[in-house]
Amino acid sequence: MQVAIFGASGYAGGELIRLLDAHPGFDPTHLGAHTQAGKALGEVHPHLDGGDRVLAPNDPEMLPDETDLVFLALPHGASAEIGVELVDAGISVVDLGSDFRLDTHERYLLAYGSEHPYPHRLADWVYGLPELFDVSGATSVASPGCYPTSAIVGLAPIIAAHLVDPTSITVNAVSGVTGAGRKLADQFLFGSVAEGVVAYGVGTHRHRPEMEMALEASSGVESVNVTFTPHLVPMQRGIVATSTAPLGHAVERSEVLDVLREAYAGRPFVEVVEEPPQSRWTVGSNKVLVTAYVDRHSDSLVVISALDNLVKGAAGQAIQAANIMTGQAETKGLPLSGWLP
Amino acid sequence: MQVAIFGASGYAGGELIRLLDAHPGFDPTHLGAHTQAGKALGEVHPHLDGGDRVLAPNDPEMLPDETDLVFLALPHGASAEIGVELVDAGISVVDLGSDFRLDTHERYLLAYGSEHPYPHRLADWVYGLPELFDVSGATSVASPGCYPTSAIVGLAPIIAAHLVDPTSITVNAVSGVTGAGRKLADQFLFGSVAEGVVAYGVGTHRHRPEMEMALEASSGVESVNVTFTPHLVPMQRGIVATSTAPLGHAVERSEVLDVLREAYAGRPFVEVVEEPPQSRWTVGSNKVLVTAYVDRHSDSLVVISALDNLVKGAAGQAIQAANIMTGQAETKGLPLSGWLP
Amino acid sequence: MQVAIFGASGYAGGELIRLLDAHPGFDPTHLGAHTQAGKALGEVHPHLDGGDRVLAPNDPEMLPDETDLVFLALPHGASAEIGVELVDAGISVVDLGSDFRLDTHERYLLAYGSEHPYPHRLADWVYGLPELFDVSGATSVASPGCYPTSAIVGLAPIIAAHLVDPTSITVNAVSGVTGAGRKLADQFLFGSVAEGVVAYGVGTHRHRPEMEMALEASSGVESVNVTFTPHLVPMQRGIVATSTAPLGHAVERSEVLDVLREAYAGRPFVEVVEEPPQSRWTVGSNKVLVTAYVDRHSDSLVVISALDNLVKGAAGQAIQAANIMTGQAETKGLPLSGWLP
Amino acid sequence: MQVAIFGASGYAGGELIRLLDAHPGFDPTHLGAHTQAGKALGEVHPHLDGGDRVLAPNDPEMLPDETDLVFLALPHGASAEIGVELVDAGISVVDLGSDFRLDTHERYLLAYGSEHPYPHRLADWVYGLPELFDVSGATSVASPGCYPTSAIVGLAPIIAAHLVDPTSITVNAVSGVTGAGRKLADQFLFGSVAEGVVAYGVGTHRHRPEMEMALEASSGVESVNVTFTPHLVPMQRGIVATSTAPLGHAVERSEVLDVLREAYAGRPFVEVVEEPPQSRWTVGSNKVLVTAYVDRHSDSLVVISALDNLVKGAAGQAIQAANIMTGQAETKGLPLSGWLP
């Protein structure tokens, strides 16, 4: 099956290339870029086996005729137009961006403060977190953000089981730098990031509405309310999300872990663990590791999940969705082991 | 004034030596150690200007007669006996350990699960967070833990001003590796720490009771209840504590910042800032940087504070207390600038 | 084909498991360990997809009957006995350790200062750097060290072409911490390694005799003499070797690069590049990137090569040799792309 | 004594502010910047105790009348004009840039490939490496580069003692990112630097002519010829220079160390050590740590030195020179201990 990538020059785009090059069912035949179009792949991503490949433009007109599916890894706002155009042309799309993730225009306005160009098309897109939403047969999938994936996988079954008060959830998360994309800014220099941690987007991060939407939709519980504070830490990849919420009623830790285990029984990419998972253990794999603790002193539940923001948080999860959309095995071409010893 | 350090071979001990060597009012004449006693200072701490100094034993009997004050930087449990012995001998003590931090035996039992050898002496010690507790004239001071310092400085004025519900506070914190001390364990190898983040001590960390005690004592508000989750991140030094709590009533961000500014007016080591402080900015200085945000969507308050766990979180704060105890200027010998550009 | 790993609990052992799990031609059916035998794989290597696998002992007696080949990833000195025993039992061996790398007992004594238990068996082993030594059909292969691989790949064709004075070669190399193995020592703590670089083994590193042997054997030039200084740098993986030697005669840079390109024409895992290669670009792949510069001011040649010490410097190269030994494609199961964007 | 800094917004400028704020003999009254002029000091350098200070322009006209000395921390080429103007106005200058380091126009042309605007003024400037060149009474001092300082301190006494062949010296060095200045470029992003090492400026780095000049001038030996290869490693600060040269004649290691010890007897900022010095040990101090090894196998000498590129390699050494120029104690305001435990 021939696939294309638009936005191949970024971190998520590079990761898509790396994973698709090793995927037995997809052949990435068009690697599109914006300002980097025309450059050799090996120049833009010197870690990849570039061969003689050259980046093409992010242009639907230039796609090979046989293209079955396009992965969009574009900046916010750049997917809306192209996504609709491709879908209307009968090409399947997995959008790694945020343009089609929210289900209603109201939520979109709340998250972004501006009008969506195709508000009536939002409902056409399936939220591509395959463990919680059914993407089989879908032709347009909005792949989740990295922070939302980490928080939602941990919290959704717990909210669905009414173990916590859903109106008072605190999500604190830490992420490596690739989560912010390949941006040239003073705050992303090695000399600004190493040996430091900093919170950002306090109270305003666009991933909060996405978390609330997906937690409500997957659990059937309304009025999910999240306080979300992300932090940048000095590492390349990896997210740990630590979510705290008041217990709904007294419960043992083992019961909570059972709820998580049952929710993800048979799902190869979610593993319920007994100890707090280190983000390292997931780096390179498409797995989420999740655990939970009952804090009797404060009558609260603490849920901890870890993933690789570029794999399960971006390129890997997009390929997982594409596998299911196209009737292939969910795990095809996706690593279950990480890299860091 | 002649001072001694017991526990000079650890990270906090080394930092005490570095700061006291540059302090115009204290002369560190006895550097005690346990298993490292007898080794050259330059061998144990190759970054220090060791000269021909050699580590002595952690033995009160061997202190020079003129010793005015002893800093204890010993493992948990090792200060109780020595601390009482020194105080009884008329020598002032600043204990950087946790043996004398809690005010009652009940809290001690809750935190440590074992009896304190001198429970009736706990009340003799002043909690050495000088911005909130008066250590002037004290002769026995229990210097706060690094996580508690970061959380308490941010939260105490806010709880005192009844801005939040004190019974439902979530404190998430991240720390560099020196916070755990100089321990030889697989989990502290470079090949285990770099490129990863991990939570630990979930629901069981002994710093939680310390936070609750100090927040109650400094604010006069009872029933402070904290859910505390610390995380290890790949850096040498630095803590960011992010505390979230339901708002007590509607309030503007500017009012919250004013509460913080008023609480710390005239205090050189607490700076209220407008942006989330990066832990880097405090590394090497004795400062806490603190800010707060009102999240209207979730009706909660987010307080963020940053400090260097080895300076304001350990050696610097101990010297700050010793300065005040001995009638010297609070800032003497303590840097107001950090190191990391 | 069924294979076994002895020494599966170390960094190289874990990397062997990760690569062999994804290899279509080898099935790792016995994972041996020493002190960690009996532990779950997922406990020892939490980044791997452990499943219900448990580590077995490093015991040839316990190998499944159908075992075709054993990878030895043992500490220095531990391979000699087991290696000979396995070979004598008709099982192929790839030894990632240093016991069988040197060709003569003289060189072994020089490198290690002690007698080899089977000196007469040294000549039976082929040095497993497949780009320079023929391992096809071999049944006992000594896989090269990480530093030697990096230096030899860059220097061998240049020495063979008489471009430099072989008696005066300076090799300076830097390595990430996994090159030293998974050792519990103060000098390998995060708090000792981060933010620092240090040389070690100056003039005494056992990889120097290995480099000299392989450079002589591969080039046919005698009297190769190397001054080798390795350095530890704060990263997980990766080596850059920078080799400097007096020019044999005037030469253009393009001629030198042509010599390298011709030497490695058709070899998928060596890539000659125009710019100094960053070690990051190779991390996760089995590639060596190499370049060279002519310094006219000093009439010297500077050769720079980069690789991942755990892949091309250890597990990957061992599998590359095993592929060739067993008649499979050299590249089977071995990544040509790295991980780090 | 009132001093000024031009170029206060860069890494070296910030370090000058930090050190001068704590210096009892110098008062930094004018902090000049180019594009950042007008910004609050605390905004440009959030780690410093900015107070209400604001950056002024890099303009000699705006200096306070009582300014005794100006530190120039400007990009290459920007010091020539201002330096001459200040000197002609009777103000002492310490230039941390490279405009006045080379002694002759020939060497300048070789290093930079362009004409110096004031070639006849080059000889007026003293090379500010106080351990080897006399800066007492000087009014215009060119402070050395970071790499040259590290290599020269180690090699100068050894060349002067004719222990090595000076025509065949290989200097390999590694540096943290602050050595490159505060530049916004893709190659300096955290996501490009962490977990990698890369050589750069091979055969062309402008610090090579500076090393050769200073080694010749300080030793009296002509025809010093250096092959210099610098590398960028993932850390904030610190340099290790490893220099290798053929032995001039047979010598014991102890004799070499004695030559170094005698050369630096009584110099507080150079310490001869027995083990390879880790760059960490010097970070924050104004020290160079140096050692040497005799390699009998290759008849070569390996000299290893370590320093903090922003202190002894920049701001600290400039203040050391200013101390001597103005008749103050060499060590005034300069730390002898490092920061990293």
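Here the chain labels run A, B, C and D in written order, and each chain numbers its own residues starting at 1.
Here is the rule we use: contacts are C-beta pairs under 8 Å (C-beta built on N, C-alpha and C of every residue); 3 or more make two chains touch, one makes a residue touch a chain.
Here the structure is a predicted model, which is why all the values come from computation and not from measurement.
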item	value
Repeat of the C-D interface, chosen from A-C, A-B or A-D (over half of contact pairs identical by residue number)	A-B
Relative to chain C, chain with the most remote C-alpha centre	B
Chain B and chain D, separation of their C-alpha mean positions in angstrom	37
Inter-centroid spacing, chain C versus chain B (mean Cα positions, whole Å)	46
Interface hub residues of chain D, defined as touching at least two other chains	11, 178, 182, 191-192, 194-195, 234-236, 277-278, 280-281, 283, 340-341
Chain C to chain D touching residues, read off their complex	168, 170, 172, 174, 176, 191-192, 194-200, 202-203, 208, 225-227, 229, 231, 233-238, 240, 242, 244, 246, 276-281, 283, 293-298, 300, 302, 304, 306, 340-341
Interface residues, chain A side, partner chain C - complex	11, 14-15, 18, 21-22, 45-49, 178, 182, 195, 236, 277-278, 280-285, 310, 335-341
Complex interface listing, chain A residues touching chain D	11, 177-178, 182, 184-186, 188-195, 234-236
